[in-house]
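Going in written order, the chains are labelled A, B, C and D, and every chain counts its residues from 1.
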Amino acid sequence: MWRPTEVADPFSHEIRVTWADCDPAFIAYTGRIPYFALDAINAWWEEHIGGGWYQMELDLGWGTPFVHMSLDFRAPVTPRHRLNCTVWPVALGQKSITFEVKGYQNEILCFEGRFVSVFITAGSLDTRTAPDSVQTIVAGINPEACAAKPEK
Amino acid sequence: MWRPTEVADPFSHEIRVTWADCDPAFIAYTGRIPYFALDAINAWWEEHIGGGWYQMELDLGWGTPFVHMSLDFRAPVTPRHRLNCTVWPVALGQKSITFEVKGYQNEILCFEGRFVSVFITAGSLDTRTAPDSVQTIVAGINPEACAAKPEK
Amino acid sequence: MWRPTEVADPFSHEIRVTWADCDPAFIAYTGRIPYFALDAINAWWEEHIGGGWYQMELDLGWGTPFVHMSLDFRAPVTPRHRLNCTVWPVALGQKSITFEVKGYQNEILCFEGRFVSVFITAGSLDTRTAPDSVQTIVAGINPEACAAKPEK
Amino acid sequence: MWRPTEVADPFSHEIRVTWADCDPAFIAYTGRIPYFALDAINAWWEEHIGGGWYQMELDLGWGTPFVHMSLDFRAPVTPRHRLNCTVWPVALGQKSITFEVKGYQNEILCFEGRFVSVFITAGSLDTRTAPDSVQTIVAGINPEACAAKPEK
């Protein structure tokens, strides 16, 4: 199983879970969890390239649609605590990037998942190689990711 | 890999994809796809036990929270066609059930995924064995599911 | 106050309310109700012009962004019954259209609201006059709407 | 039209608008705006009573379901700027409370709305008088609200 290296702490994104996210079992609805994880990945991009998917697509001319996601739900998510989602790039392929996202509340792991995106030219479905800027960013955060064999 | 047997066609649930589901790339937002798949599983329950998760929890006294989901995104989902989601029980363990969901538009596979739920007593996190009624239903639809070794 | 004339029954759109829509009070979350109403209006367009907002924007070259909505919540919405939303055009101005939407479950009025959109040229914020096709449609459904003074 | 008095600045809640909120017109989908406004009201409660609707219902034993909302959409909401939502109690009736919410991006008013809730005993639809704690809070923020005649 992957462990963050000492190189850097994973980026963390805080989410305020509310009543609106909860179902009649008094916990966040399962369908909301992928939203939370995606929100955290979008925030990772915002932190590292200065904008989320919106700016990426409209200003930078490329996009990162998802081709795969998998999640394990470990503990319920509730409005009792903020949800802290760590985002860690685990593999940067020639045309894809894989993130691991872990959601914690009160230091308890609530869910963890893997999310694979491909790089495309904005406004198309044509894949392209990862922008140089992304390679530089990932190399600085997790050099092992650049050597990792992508899952997909 | 699972293939539908001749015993029965998979249950299919139609979803009307709209503008509201789409992002600025003119396709359904990735975060919506798990919602669609969950909606189809809820409809499967409605078809087979007479109610969805709401009735299951409030009237029948048990629930089926998810412990795992994985999805592969094969083609974009758009409002150009209805989205037909097939739902097929692929494994019924002592305390868990695994569904395979496939989403099609215009006969093109848009996504496929696996969803694992555990059986619990309503209002708790206590797992329980699968209700007899569920065993009977699954045995009638896909006998192989009852013999399958659950993933989780 | 508007009353449906004998000219035509209001268009009705059926929504399957589920667990996913509900909050811990066991009823559909307030924030979901505008979604339901908008979904019904989108279905009204689909019924009358052959496509929803997606096709309107991409294929027909015009759009109908909202400038106002108001809703009164009369009774809780739950997964116990399908939600039937009637949509009725109550005013067609030179550049705007007003719909009344009423949501019923089991013949009980759950909510009612008014929604005002303006006509724009797709891809812009420039308002334009209502397309002729819309004038013809509304005149056929509710002639009084064409004479009504728009709220906004 | 209401103006905040000098007594206090309205409470403001910041929302990070993202790609996930946007539709193919590159702006936040209309149906998201009521969500944003409700999120801001929930944050107002969190600020003033120490918890949102979740804690209110589960820990304090009362709730505030909505009976009315109305919104005017003034300018598009996009991911270009954070969305700052001010929340101001404008009327506290014996059994209801009315909030005004205004959403700003880059100091431009994007939407404004009024939201009326009634006080209920948790787990029921039985209305009750406003808790003393709420009367104290509102009196401290906007004394005029306590004298205002509720809309509904």
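The rule is short, and it goes like this: a residue touches a chain if its C-beta (ideal position, glycine included) is under 8 Å from a C-beta of that chain, and two chains touch if they have at least 3 such contacts.
Model, not experiment: these values are computed from the prediction.
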item	value
Pair of chains joined by more contacts [C-beta pairs], A-C or A-B	A-B
Farthest chain relative to chain B (centres taken as mean CA coordinates)	D
Geometric centre distance via CA averages, chain D-chain A, whole Å	31
Distance between chain centroids, defined by C-alpha means - chain A, chain B (Å)	24
Centroid distance [mean C-alpha coordinates] between chain C and chain A, Å	36
Residues of chain A whose C-beta touches two or more other chains	19-20, 22, 24, 26, 31, 35, 38, 53-54, 57-58
For the chain D and chain B complex, residues of the former touching the latter	19-20, 22-24, 26, 29, 31
Contacting residues of chain A [partner chain D, same complex]	16, 18-20, 22, 26, 35, 38-39, 42-43, 51-55, 57-58, 78-80
Interfacial residue positions of chain B with respect to chain A in the complex	23-25, 30-31, 34-35, 38, 54, 57-58, 63, 65-73, 76, 123, 125
